[in-house]
Every structure is written in structure tokens, then in C-alpha cells.
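Just so it is clear, A, B, C, D, E and F label the chains in written order, and each chain counts residues from 1 on its own.
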Amino acid sequence: MKIRVVIPSITREFEALGLEQYSPCARPGTEISVTLLNSGPASIESRYDEAVAVPDIVSKVVAAEKDGVDAVIIDCMADPGLDAAREMVSIPVVGPAETAMHVASMLGHRFSVITILDQLAPLFDRHAAKMGVVERLASVRAVNIPVLELDDSERVVKALIEQSVKAVKEDGAHVIVFGCTGMIGLAGEVKKGLVEQGIVDVPVIDPGMLAVKVAEALADLGLSHSKRTYPTPPEKEIVGY
Amino acid sequence: MKIRVVIPSITREFEALGLEQYSPCARPGTEISVTLLNSGPASIESRYDEAVAVPDIVSKVVAAEKDGVDAVIIDCMADPGLDAAREMVSIPVVGPAETAMHVASMLGHRFSVITILDQLAPLFDRHAAKMGVVERLASVRAVNIPVLELDDSERVVKALIEQSVKAVKEDGAHVIVFGCTGMIGLAGEVKKGLVEQGIVDVPVIDPGMLAVKVAEALADLGLSHSKRTYPTPPEKEIVGY
Amino acid sequence: MKIRVVIPSITREFEALGLEQYSPCARPGTEISVTLLNSGPASIESRYDEAVAVPDIVSKVVAAEKDGVDAVIIDCMADPGLDAAREMVSIPVVGPAETAMHVASMLGHRFSVITILDQLAPLFDRHAAKMGVVERLASVRAVNIPVLELDDSERVVKALIEQSVKAVKEDGAHVIVFGCTGMIGLAGEVKKGLVEQGIVDVPVIDPGMLAVKVAEALADLGLSHSKRTYPTPPEKEIVGY
Amino acid sequence: MKIRVVIPSITREFEALGLEQYSPCARPGTEISVTLLNSGPASIESRYDEAVAVPDIVSKVVAAEKDGVDAVIIDCMADPGLDAAREMVSIPVVGPAETAMHVASMLGHRFSVITILDQLAPLFDRHAAKMGVVERLASVRAVNIPVLELDDSERVVKALIEQSVKAVKEDGAHVIVFGCTGMIGLAGEVKKGLVEQGIVDVPVIDPGMLAVKVAEALADLGLSHSKRTYPTPPEKEIVGY
Amino acid sequence: MKIRVVIPSITREFEALGLEQYSPCARPGTEISVTLLNSGPASIESRYDEAVAVPDIVSKVVAAEKDGVDAVIIDCMADPGLDAAREMVSIPVVGPAETAMHVASMLGHRFSVITILDQLAPLFDRHAAKMGVVERLASVRAVNIPVLELDDSERVVKALIEQSVKAVKEDGAHVIVFGCTGMIGLAGEVKKGLVEQGIVDVPVIDPGMLAVKVAEALADLGLSHSKRTYPTPPEKEIVGY
Amino acid sequence: MKIRVVIPSITREFEALGLEQYSPCARPGTEISVTLLNSGPASIESRYDEAVAVPDIVSKVVAAEKDGVDAVIIDCMADPGLDAAREMVSIPVVGPAETAMHVASMLGHRFSVITILDQLAPLFDRHAAKMGVVERLASVRAVNIPVLELDDSERVVKALIEQSVKAVKEDGAHVIVFGCTGMIGLAGEVKKGLVEQGIVDVPVIDPGMLAVKVAEALADLGLSHSKRTYPTPPEKEIVGY
């Protein structure tokens, strides 16, 4: 099986990094490939960043289908371009936020999202509302570290643990969901940090890794999004894309 | 007062047409200007069309603020780019769908949206859910006429009346909302058609015209969107925009 | 255009005061008139006060339509008599609470209402629920100053700023809505107070002033409430009114 | 135990009729008394009727408490004046609609309300929404017989059966609730009519009779409404009441 | 009238205790009988306890109907087996939690449940959601005393008062609901404790006592659950029950 | 990886059948084992059937954990015993209904469930409500074939296609979900039937097969339910289990 990860960024070093981070999630026989954007932002931290990333995200998803991959993951917790991309292809396109919020709702009573910046809280709240799981969202908290500084993983882990403990103790979270796919691979350490603080009973969801598993599951089953919800757009003149 | 209408289309003839359609809505002293996109689609009939329209919509809104206009209207019932544009400016940016759905909720118990194509129904349903007024949405119906054929206004009016009658009689609508800003100016005729069929008690909302009035009202009051909800994006490298 | 403000009070001095407060909101060409109640309470601070105000509110709205005014505003954040009045007339009847809550929902993620007395909080909560925007209501806070003491505007402004800051910092409000129309005209000072405390990004809605603008907008468009939602009552014997 | 039924009408013949209809519901030892309005409408079929009934309803509830009764029932499915009356007294005030909708939600999956006039449907919808049980409301149907013609009980029963059958078969109702207290005493015949048409499994709730039972239950337990929700109004000048 | 209380426990001393506690709630002429389980847990403090209690609860409800009782109460705030029991009988089966939450919603704006153990909070939250009253649930708090230690009523009352005060002051509760039927009979003392701390306006609901009154009311009216919601199960082979 | 399927039935022939049906879903390296109940019903078609199945379901899940399996699937769309079983073990316990409804919500706008019997519709409605996805549930339809006759797969497929077409055309479904795990393996034929009727754009979810994939995914990630939501029950005396 072939899975393509579309990283919605023009930052070159994310290509090797993404491959390194995503490959261990794949099961034997699943081949991960990674693609960056040619046009778009260095990182996504606002709806404007999202807006200028989406057109090339969609073209990368279209290219992935032409390349014969079995499923695509959009590597960002804003799920940028998810709807538009699904209109343009038939293969499954997996949004880490959509997936993680639904799975979190299955695993426990209430979940908290720990994201990068405070100002992104309304985004998650509305995303959860759109999906119908807003009653299950205990809180949105932030480590307040920008995407491009997430490579300092020690600092990130420490901040994630701190906010996760607060989410559990103050907000009533029963499940923790990372709020940025740039936090991929840190669930083990965060879980360990929670246990050290006596919180032994709270799962930690790494949306990037979960997206790989769900992509594999959908592809195995031959399931994809409904083209009745995401119909192929009518043909028309488009300038600049 | 100056109001800029951003038409999310590259179709040249929409410029004069838009000016002609929007100008009569303005009160004395309000000056309407219209701008098209340089890059983007001929019309918006899908989320993909929306995706390739948004980057230039945002740049047109930014330009409008620099030009000193008092408020901007994004001339499309998908409210494309509304969130991203609000992040980039401080002046009010009015989305016709958001405005029309809230005002419809004030005027009557349940409203129906009559849009262009059946496949756009989920869009309105989710838009209403995001705004919290989904319980007030009686139904979404379509005339099934593409945007670029809306200039045949006799056919459009006839179809609008037909669907509005069904919305009232079968779906329990108490208010009708046009589901495409390209239907601007037709509320009077549709209202008349309803009355001729014995439906004398149902208001018909023309979202484009309403958007002008709400833009005037917000600018009069010095009110705009919350920059806490729509914070200015962090500066970063962006390629291609 | 003529707009009639119905002040749901028998307190004589509110007549001149109301005219003085509302007139500056009107655009050139809009003429504001004000009417008090002949029977009813000195002020509205409970559902009982509301109950004894409503019959004469309705008769004042009916009289306004006979006088040829274009729209009516019921000058109270309980929107007393809004439904009954709409049944009796065809011209738009604007409720400041209904209007302010919908507009607040358009301008930001969550809003807080700062009202006069703590005990009115359930009223706003249920009002928001009835309108479908309860998820957007961050909190209801009170200055705990009765209506008849609102003329001490320095004290009121200070208390409004204090509660607004708490609403933003503790309750997550992105927009502030005044919870009593007696606070009309204070938005500028409250906004200034917020800015002085470093909160530069939160709009402050003055529901009385907003109601004037929305009344103008509806009258401009020839829009009014749905008579299907608010049908003319059947004729019958009524004693005492 | 003493229970007072406040009939929100000035129609004299309703007094003896009310006593005759309500008395059989009471258990041994419960004494029912009935009071009409001195000012107000002949019947309640609109929000305007409600508005002119409420002030005297409240004064009748206040008088009932002074008379030493244990609980009051407001004999109308609009629950007119329920909130205002609760502010003014400490004894339980029972609203037949509020009570019937909550009990219907306990007895089955979805309930339908069969009321007098089609135009009252939005009232029930919003009432159910305010109470939080709108998801349990399958439909609102009407017999389209005005209150003052409800004494033709044969016609009413026939229409109730007809609409109840439709509610069950077309709308998915599992429980039927009468939508006017003037239908009191007809549940047995309607139930019989349903059984004759093969619908043996649907309870029929008579809100007037249920209100008596709930009034007895609350009085037995010494339970009443929360004065934190319904605080005693501040004293003030009121003219005309 | 005969009411059977099914105590979902194998603990022998609960039989006499239950009879002693429930009998005073009954009105003259109502005869209370109590039955324990032959198989099941000593007490219900988890969903597992519930699972192993339900089969015998249902058989005890079936036996009650055969014994000619008029209504059954399942003496536990988890309402264990309520749905299954209703499928098997036609007489009313009253769940104290379902009943108390609906009545609390009628008496005040928001209610808090004070239960035995913190870990039961999600149960009440989901129960309220299933019933549609989750918006009315202010909070769930716990005394953290296991069921089998509830006989130390002084300790229990003290803890109930302490948590009720917090529910009112910190969580905005307007009504208190006991979260375990083992707290039966303590409402008077808790109410007194609240009054002593200045909280004079908050009703305290004792779900066990309320269940008796509601059982009497339903039996008086000949009302029971909808067999369309709770149809008699198809006959089939069952081993072990 | 080892996955245990617990079939909540005492019907012997389901053991071989279950193994035959579930094994093809597993990926290479996943070993499926199947276990029946020793006590319980022949099939689950009511809440009573569920009640008498749950105790032994839980003991089979506990046994599975002791046997060292990596995840358990409860093979029934009522998800019987899911909550209780999760309290007793740490390994993931997958409920096909919970899983299928969340995945359906990700794949399309609205889904319909096609179950066995009409009377089960309220079950799915409440299940969806408990999960927060009730707004995404377009309808519940039934083939009206009892579980024990599901082996006539030609008849079942025909009925599934017929009801799926109605769900799409009349109820607005964009995704179809089988409402009984006994329909496992039929998705391909139903999909083909839909295509033959011109419905090419609607995914068909087979909850049993999906459950295997989700079990594999959770086990791969080391994720399981939150023990804060499903804490280990306190130890106590239990008779009969």
C-alpha cells in the first residue's frame, strides 16, 4: 500500500523530517512518501496561512492520485483543503484533526486538544462543532511555541506535559489530543510524563500517527469519502492554478 | 461611506453588472466600488472553486482597506475567504450567507435557502451549523441553474418561485433566503410570485442587498469583527502570493 | 424614515433622555420619536415587570404603525412584548437583545453579556438558547446597579469595564454586549477602558444603537418579520385592554 | 390539599366547566378550586392573547397563595405567565405544557403535540427548545378548531384521533400530547380510537389531568420552583396593575 | 395502590431499610413493597455492577407485574435495567434519575447532581445527554463515600451540604439533586444546612421520594411507557436466565 | 496481532460462521479468534436480549485479555456491554456501532443505518445522540428480517439495496451503514446494487469489517480507552457471576 503525506509547507527540511517521522508508523508493506508545497506558507498558524496553502495542497493530492497512491494524509491539524481535495479525487483523504477528534470521542468521555498557539483555540472549537463532537471537547490549551520552533522537542514535551496535566485536572479531560501534527512522535514521552505525575489513566493521541493507521484501514476496506458529499466540481475556466 | 464589493470571479462582465446591481442598494452618500479577481475561477460552485478563489479574495480585501474603504462585501453565498480576510484587515468584512442566515433567524421561525445546485446543500447545512442556527434551517433547495446562466432572469425567477412555494408548503419555511448572490435584485419578483400563489406572509431575503445595509450599519457604528477571534497572522515566508 | 422607540417604563424623565440618547444614532433623514408607557413599571428588572409592561408596549407599537412610522424599537434587553407586538403589526419591530446577540455571533467566536443584576443571567441564557446562539454565549455578568441608578454613568462605565475585562480574561469572551439598553452611549468609553488595560481586540456592542441601524436597514429593504411566524391574532372579546 | 386552577379567560361558563373537568382528577382529600380572569381575553390563541392575559394570571396566582392553596395550575398549554407568577409566589406553579413535555420525554422516544390551530406550531417548537426537549418533539399537528368551539367534543375527538394517527404513522410519534388544556378528559376516547385503528402501543397524555397529579406530587414533597431562578422582583412603582 | 421498589442489591439488610425509608413517602392507600436481588452485586458503583444487576432486576420487575402491583421503582440513580424492564412489562417502571433530572429541569434553570463517587460523573453527564437535558446540568459533584458506608448519615449529610454549597456558589446550580437513592430521606437536613449558610432559595430533590410520587401519579392516570419505544422482545432461546 | 471477536449469542453455528466471516478482514499477521456466550440469548433484537447477554460478554472480554489478545470486538450493532467491559480490561474493546457511526461522520454529510427490525430505530437514534453525531444520522431503516434468518443472503442483499436506495433518495443519506453485524461481507454486493440503480457516489460501511481494521489500528498505536472514563470497578461481593 502507498500512502502520500502532503506537508502544507514550503520549508525544505520538512521533507526529510516528515519521511523520518511518518515511516515508523507504517505497517510492513505500507510505503510512505512525502511531498511539500511549491507555493504556500512556511507553516500554518492562521486561517490566512491556510488560505494560501490550500490551492497547492489540492494539486498535490490530485498528483498523488495520479501517482497511484492508495490514500493521502494532509499533515496539519487545521485539515486545510480537506473538503476541496476530496472533491477532486476518489482515494481517501485523511484529515488528522477530523480523525483524532472522532477517535478521541470513542476512547473517552471528554478530550482536550493541546495546540501550539492560544489564538488557534476558536479553530478547534469550530472544527469540533462542525463535526458534531463539540460537547466532547473539554478544552483547547496551547504550548505557545510556534510551528518552526517545534524541533526543540525537549521544550515541547515539557510544555505538552504541563498543559496536559492542567487539561486533566482543571478541565476534566479524559483523553489528550495533540493539536499540531508537528508534535508527531511525542506521545510516548508525554504519556510517561503524565504517569510520573500520577495520571495513569489518560490516553494520548498523536494525530499524525493515527492518520496513517486510519488511512491504511480505509484503503484496506476500499472505503473513501462520499462523492455525494464531495462531488467532482463542474469544469470551468480558472486562471492562475 | 465607501463599500467595496469583491466579486470572487475572473469573469470580466461581472464587474459592470455587479456595479449596476449593487449601486441601487446603497443609501445616498454610500459609494459602491466593485473589484474582480485576477486569479481564480469563473464562478464558485464547489469547494474547489472556493479554494482557488480565496487567496486573491484576501488580497483584494487587503487592497480595499489600503484604499480607505469603510467595509467590504464578499459577493458569494459560500462566504469564501471570510475568516482569512478578517485576519488580515480591521475594517468590517461582510459575508452575505452569515448575515442572511442570522437575519432570517430574527425574522421568522424557520428559513429555507434556495440555491443554484442541489450539490451545494451540505455547504449551507454546515455553514448554518457553524453559526449555530442549523435548527432554524427548514431546508435547502436548488433551482439547478449554474451561476453562469443566472442572467436568464425570467427562468431564474420562475424557478425561485417554484422552489420557494415548495419550501413553504412542504418544508415549513417561514422566510426565504436566496442561496446565490447572483440572484441579487430578484426578491421583489419572487415575493410577488409568492403572493400570487396565496403566500402573502413570507419575507424574501436578498443576501447581497442585505449585506450592503449591514456593511453600512457596522461602519456607522465603528463596529468590526473581533481581532481576538481573527488575530493578525504571524509574519512568515510565503511563496507564490 | 421614521423610527419609534418604545421605552417600556412609566418614568417621565426617560422620554427626553431617550430622545437625547437615540437621536445621535440616526443617520441624516431618519427621525427618531420616543414614547413611554401609560401603564406599566418604572423599569424592567424581572419577568413580572415585563409582564405588566407588555400590554401597553403592544398598544404603543400598534399606535406607532398607525402613525406611519417605518420601524419600532422596544428599548429593553428583555425584548419584552416582541412576539406579541409582531403579531399585531406589519412594520419591523426590533428587539435589541435578539439583534445584538445575532450580530455578536457574526463578529466573534464567543460573546459575553454585561447586564445590570446577577439575577437576570438565566434570562439571557434562555434568550440565547431560544435564538440558537447559546453556544456562542461565553458568560453573563452583572454590574449590579439597578436600572434607575444607571444615570451615574461614571460608576456604570467603571463597573462595565471591570466586568468586561473579567469576561475576556476569565470567560473567554471575544465580543462584549451591553445587557441593558440603559447603558446606551457608553460603548466608546468602555472600549477605551479595555484598550487601557491592554485588551485592544474586542468589539463592544451597544444594543440600543445597533437596533437603530438594523431598523434603518430593514426599513430600507422593505423587510419585516414573517407573518407566518407572527400571524395576526383571531378577533375576540378582550376585557381591560 | 388545595389546588387552584387559574383559567386564563374571561369567559364565564369556563368556571363551572373547569371545576367539573378538573375535580375528577383530584385524589381524595384534594380540593380543586377554579378562578377566571377579570381582565384578559376570551381565550388564548396567540401571543397577543397571552400578553393581555398574563397580568391578571399573575394576580390570581398571588391571590391563590394568600388563600392558602398548596399549588396552582395555569390552565393553558402556552404556560402563560408561568415565569412571572413563579417570581411572585413560593408555592408550586405548574405549567401543563412544561410538565407534559417532560413526562412525554420520559415515557417514549418521540412525542407529537396535537394542538388547536396550525399557527401555534412555532410556539410549541420554541417551548420545547427552551426546555431542552426539542429533539424529542416528533411534530406539532393541529385539529384546526378554535378554543371556543372545543365544546363539540365529538368533532374534537374525531379530529384528535385523525391527527394522532398521522403523527404516529407519518411523523414517528411514540407518545401523543394534547396541545390545549381545553381537550381535558378526552384521552380515553382518543386512546380507544387509536386502538381501533391498530395503534395499541402509544400513550396519550392529557396535560390538564397530569398537571393536577404533578401539583399533588410537588406539594406532597414540599418541593417548589427555585427562587434563585425566579427571584422575588425588586419593589418599584407600577401603574395600572 | 401497590408500588414495588426493586433494590438492585443482594445486601440483605437493605430490604428492611428500604421498606422503612420508602414507606413514609407513600400517600394513604399506597402500599410499598420491597424486593432485593437473588443474583447481582452488593451495590452499584460502576457499569460493571450495573451489568450484573440488570438480568435479575428485570426478572423482579416482571414478577412485580405478575403480583399485580401498579408501578415499579428501580431504586438506583443509574436507572439500571430501565429500558429492558419496560420492554417486558406494561405497568409503569420509574427511573429515579430520569424522573429527577426532568423535574429538576422544570423547577429551575440549572441543577447539580451530588453523587457518591467522582468517577460516576460521566454517567450522569451521558444520562442527561440521552434525555436531552444536558444543558440544564450545572455540574456533577461527589461526596466520595461508597454506597455501603451511606448509613453514616451524619457524615453523608455534612458532605452533601458541603458539595451543594459549592455547586450553588461555584457551578451556578439553582436546584440540587441527590445522585444516589441511598441518600433517601436526607433532603430536609441538607436544605436546612443550605439555609444556615444563607442559601435559602435552592430546592433539594430526593429522587427516591420523588419516584414514589411520580409512580403514584402515573398509576392514577393509567399512563405508562410507550410500547412503541419499548416493544415486547421477540421470543427466543435464552440460556441461564 | 491477536483479535478476539465476542459473538453475543449462544447459537453454536455462529462460531464457525463468525470465524469464516471475520478472518478475511484481518491483515496478514493478524489472527482472529471467535468466542460465543455460554449464557445469554440466541440473538440480540431487544434491550432485554442485550441485558441477558451482557454479563457473559464481559466475562468473555476479561478472558480474552487474560489470553493475551491485543483487542476485542463485540460482534453486535447494539455495542452490548461495551462500557462495562471497558471498565474490566485495559486492552481496546471495539464497538462496531460506535466505530461505524464516527467513521460514517468522517466520510460524508449524513448517513443512514439499515438495520434488521423497525423497532430498533430508537436504539440507533439514542446511540447516535450519546455519541454526539445525531445530526449526522439521516435515517434508520430496516429490512425487517430477524437475525436468525440473515443467512438467506440473497434476500438480505435485495432488501438492503432497496432500503439503501430509499435512504439516499428520500432521506438524503450520503453514506450507508449496515445496522447489524450479521450483514458482514455484503457491502460489495449492496454497493454494486446501488451502482446499478445509478447511485455511484455513496460508500457502504460494513461495521464488522471496519471494527477489525480499527482494532488493528488501535493495537498498533498502543491506544485504548481512557481508564478515567472507564475506571476499574471497586471490589465487592457479587452473587451469580
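The definition used in the following text is that a residue touches a chain if its C-beta (ideal position, glycine included) is under 8 Å from a C-beta of that chain, and two chains touch if they have at least 3 such contacts.
Predicted model, so just to flag it, every value in this text is computed and none were measured.
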**Asked** How many links in the shortest chain of touching chains run from chain B to chain F?
**Response** 1
**Request:** Going through C-D, D-F or B-F one by one, find the pair whose contacts repeat those of E-F for over half of the pairs by residue number.
**Result:** C-D
**Prompt:** Between copies chain C and chain D, are the contact residues mostly the same numbers or mostly different, with half as the line?
**Reply:** same
**Request:** State, to the nearest whole Å, the distance from the C-alpha centre of chain B to the C-alpha centre of chain E.
**Result:** 52
**Fill in**
Rounded to the nearest Å, the gap separating the Cα centres of chain B and chain C is 27
**Request:** Provide the C-alpha centroid distance between chain B and chain D, rounded to the nearest whole angstrom.
**Result:** 43
**Asked** Listing for chain D: what residues touch at least two other chains?
**Response** 109, 122, 126, 129, 134-135, 174, 228-231
**Fill in**
So the complete set of touching chain pairs is A-B, A-C, A-E, A-F, B-C, B-D, B-F, C-D, C-E, D-E, D-F, E-F
**Residues of chain F touching chain E in the complex** = 10, 37-43, 45-52, 54-56, 58, 81, 83-84, 87-88, 119, 122, 126, 129-130, 146, 148, 228-231, 233-234, 236-241
**Touching residues on chain D, where the partner in the complex is chain E** = 27, 95, 98-99, 102-103, 105-109, 131-136, 168, 174-175, 200-203, 205-206, 209-210, 213-214, 216-218, 220-221, 223-231
**Asked** Which residues of chain E touch chain C in the complex?
**Response** 109, 135, 174
**Prompt:** Which residues of chain C touch chain E in the complex?
**Reply:** 122, 125-126, 129, 134
